[in-house]
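Only one structure is covered here, and it is reproduced in the block below.
Order as written gives the chain letters A, B and C; numbering starts at 1 within each chain.
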Amino acid sequence: MHKNLQKSTTHINLLVFMILVTLCPASPLFADQRVTVIKGGELYTITSGIIKNGTIIIEDGKISRIGQNIETPKDAKVINAGGKVVMPGLIAATAQVGMAGSDNQIAESLDPFHYSVSFALASGITSIYISRGGSSTAVIKPTYGDLDNMLLKESVSQNISFRSWMDKTNLRQNLGKAREYLQKLDEYTRTNNQKKLQDLKKPSGLDTYIRLLKKEISARLQATTTAELLGIVELIDEFDIRVIIEDAVEAWVVAEEIAKHDIRLVITPRDKRRPNELISAPSGSTLENAAILKKAGVKFAIVPTSPSFATWGVAGRDLMALPMEAAFAVSGGLDEQTALEAITINAADIIGVADRVGSLQAGKDADILILDGHPFHHKTFVETTLVNGKVLYEKSKSPYFSHITHKD
Amino acid sequence: MRNAILTYSVVVLIFVGSIYAEDKVAPTKYAIKAGKILTMVQADKSSSDTVVINNGIILVSGGKIEVLGSQSNVEIPKGYKIIDASDKWVTPGIVEAHTHIGTEGGFNDMVTPINPELKISECVNPEDISIEKAVTGGVTTVHTMPGSGTNLAGFSVIIKLDKSEPEKMILRELGAMKIAQAFNPERRGGDLGATRMGMSWSLRNILKQAKYYTEAWQAYEQGKSKRKPEFRPELEKMRKVFNGEIPTINHTYSPWGVMQTMRMFYDENNLNVIPTHTAYGGFLVGAEAAKRDGVSINIGPRVVEFSRPNYDGRFHAMGAEYSKAGVKNLSINTDAVGWSSWIAPQEELSFQAAMSAHLGLDDLKALKAITINSARALDIDDRVGSLEVGKDADIVIKKGSLLDHTAPVDLVLINGKIVYQRKGVDLLVKDKADSSEKG
Amino acid sequence: MANIYRYILLGIFIFGLSIPAVAEDVTVIRADRVDTVTSGLIENGIIVIKDGRIAAIGSDVEIPEDADIVDVSDKTVFPGLVNPSSGIGLSSPGGGPFSRAHLSVVDELYPHQDVYKRVLRAGFTTFGLVPGSVGTGIAGQGAVIRPVGDKPGEMIVIKSGLLLINFQANDRTKKGIKSALDSVKDKMNSTDPKVQPLANALQGKIPTFITCGGPGNILHLLKLLEPYKQMKVVLSADSELYRVADKLAGKKIPVILPARIDFEPFTRNRINVPKMLVDAGVKIALRPKSDGIQAHEEFLRDVAELVKAGLDGEVAKKAITINPAQMLAVDYRIGSLAIGKDANLLVTSGDILDIDTKIHMVMIEGKVVHKAP
């Protein structure tokens, strides 16, 4: 009797175990690790054209497959994007998001609960280059509430002040010293001069400049006028470093030089600067800046007039209106494709994360937007934002814009 | 002797004839072939739709719109230069109801809070580079005002942005009486009018005086009274306000501010009033504004409120909220100052409208808000704001809607003259030997 | 024979001496209800207090002869309130080096201040007095004090009661805290005044109170604290911390909260943060909504508001007595009415969370320190 009871208990245990095992995949606990599928809609891949009525398969936070007529796996979470525009999350090549406090080590003070993180999701911005002085730069994702996945990449470029003559002198001197050190290092290594190698001390405070010369990082400089821009061109002639220039309002005047020196730019099409009446060369700002740069072969990212989110009443000039800024570049003659690239793949490339984000390609992070219209149409809203394959924003569920519907 | 008279007569005749001949050199006449014409004219009494003409023709002559119709029933006469906008949209020139461009010399005379003698038309500067920049955005008429540093800053001016003939720029010398009733004038301190109590008193006081002054002169001029009233030059301009010839425009904020503006100016004094700005929750009294025919709400440069005034965590579009409350004559501004401006530069008035539309205002309402509604608020809709026969030929041509900012403005006419054509664009059809053509 | 008499005399003499001693130190309170907080409500409760401690408590307790009877049989008895984190009575903080573990509030104590009289009247019998500071860093040692005494030393219940760290998520602060803590790893038994407090905190011998900003800061803090598993951490943070309540519950970190109703950010939607944390499984203590005297006087009313808004009444009572006592590691003697604990108690006209209740009498370690006129 006792043995039979034991056997029955074992059988029951086995049965329960088997039931649990079969039920598990359907349990909510597993839902997150399940496959997510975005079905239907126009897929603006950015790098491979537009796929009509396409499908994106997302697994483990990455795009695993993308194309037409792809079979939806069973048990997948399906997001219906029929009639919508699907595109990669937007990239802000410079902005103030998710930062709290005033620390030079950005990664140590990221705030995933900051309201700017929520606004970024609502605007469809999924990668942001943030910086605070000097070497404190990083690329972050607006992973609301999740600190661990917020940092995408650290210190890809060094902000260097290049406005005053003192800045320029310092930079030249430091680069010069760094180059001298590297040259000695190279020479002693080649000639296998052990003694000299031992005696050779790396000068302190030159790490950044050494990395610049080795092209491990880029220098981010600010320059507005042609004189300032040409000054940087000269610098590159002297020290072969990789440079990103912000502002660059008059870049259109010296577009060829900029292209020749492989300088990448971060521009705001609507920046206003009066032409300088005292010089005979062309000057000042123009909406055609982007178009002219594109023609000359310069790679650039577009950022809006204001680098943060405005809650005081202005509309269309702050970070929320990133696509609008690119739309203005189109009015200045830039082709639509390049305008889109300037807020997606090219921006990603300039901030050093193009291997992960910036386009809809298999293998890249599933940072994806579903929009109710073309991103440059003034009535378009972001309806859904996915970051690392997770839906982090839905317009219909957020108080920000759920009350705004277009009957058009 | 007879020879002398003859010679002199001939000389005189030639002289006079040559003068005449000069006058007779007429301005260019244009025939615009348009893909789509948005007239901004009300389609019929009951609906808010406007008349749209597809494949239309506009004939421009003498600075006015001469003919307006579809290509199938308008023939282009000889002597008209053809502007080919067959793949483009044509709209009325944009009318700005609240700006500070086009003048020089300061617009805040802040010695006393009440300045009914001042008029900014004295300071119009045709060379202001903001003017030509504004035209590139399709703006053709602007209402330029003194600032909001005082309670009654003076009188504004309405100008056309065609600086080729500066003498003809002023559309109306006294545009509106400029009032400021909240916040800005309170910053001054140390003078009556620095607190809201002081402001309200100062304004009521001057309004009362102006009202009696106007009525006294009306009575005298109509023969109802034999006594000639005292002449007070500082109140002369205000007579135009109390005669109903020009409106007042009031910088005001918040529900209490907008209510105060409407009560003090419209309810109590029967003046047409344009409450302008009206941010910080002014739209909560939109229904009250909608009830009052002589009240024309003008919003901007802020067009959206975040989580205010209801603290609901939502972005509220002021335009959409006013529209929902029933406000019919809503207009939008840039409040542009100078060339680069703190919020929107003058040429981006269409973008202010586009953003209002983005946040929920109907597209057509947004377009009206920068054309016919502004004109109506300023009582210049007999001249501008819509495309109608007899109105000024202020016309904007571009690809697509004014709200679409991927396409720039291509061509702008003011008073029938081309004042702007985008670089690289030439819409003028070259003259043929025979320029008579059936459309 | 004479020797026996001598011993008997000696015995009577000694016995005679001891009787008055016994008679002086016994007080008995007779109340309508005794709310022990940890063991329920006792109707017609009797508390026997000897040498400042509760010797017996119950409804059917033997009352010693010659005891001082306090007859409050129409009133309620409740434990004295514990404010676990306050700077009341201390002077304004100054600046200083990042790590000031050797500094202690006991050097600043001054008992004859009006504020202490007033907080007593408001029902507070124990404080976790913490050092003020400007900016982040290891601010120093706090003490557990009673707000009465003739001399500063008489206020002290536990001299080195806690270590206070002010945290904000930035590199400098993180590095500073880490290096300060790591520097004492090999000196766990040191008596160096600069080292000992850190060593004690690291080993959990004294609690570590940490002030911190919002939820983002807390995530950084939790990461920083991971290697220091023996530290007994108590968190004092701002209202939005409810967003990480589950993480705090998971790490079993207790939280000190101001007693107030908050608004959801950007809105006027009222939220009951203490309740939200309790629901998530976090142990909480409530403190006055600010460190000023008025907030102390309004404290019970504010707590009642939270209860009205949904916070469980029994949880609220614990949050103002035994929970803060536990966070200060003095619960072996303070925070509830139980045998062996200090007779710190309030005699009130009704339930402590009743809006109309008035405090009739305050007793600290058996001595009446306040009696309403």
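General remarks:
By our rule, a contact is a pair of C-beta atoms (placed from the backbone, for glycine too) under 8 Å apart; a residue touches a chain by one contact, two chains touch by 3 or more.
Because the structure is a prediction, the values reported are computed rather than measured.
Chain pair with the highest count of contacting C-beta pairs: A-B. Measuring from the average of all protein CA coordinates, the nearest chain centre is that of A. The centroid of the Cα atoms in chain A and the matching centroid in chain C are 50 Å apart. With centres taken as mean Cα positions, chain B sits 43 Å from chain A. Averaged Cα coordinates give chain B a centre that lies 70 Å from the centre of chain C.
Contact of a single residue of chain B with at least two other chains is seen at positions 306-307, 312-313.
Those residues of chain C in touch with two or more other chains are numbered 266.
Residues of chain A found to touch two or more other chains are absent. Per the touch definition, chain A reaches chain B in the complex via residues 272, 274, 287, 311-317, 321, 324, 327-328, 330-332, 336, 376-381, 399-406, 408.
Listing the residues of chain B that touch chain A in their complex gives 129, 279, 301-307, 312-315, 317, 320, 339-340, 343-345, 351-352, 354-360, 363, 403-408. By the touch criterion stated above, chain A contacts chain C in their complex at residues 100-105, 108-115, 145, 147. Those residues of chain C that touch chain B in the complex are listed here as 263-264, 266-269.
Those residues of chain B whose C-beta lies close enough to touch chain C in the complex are 306-307, 311-313.
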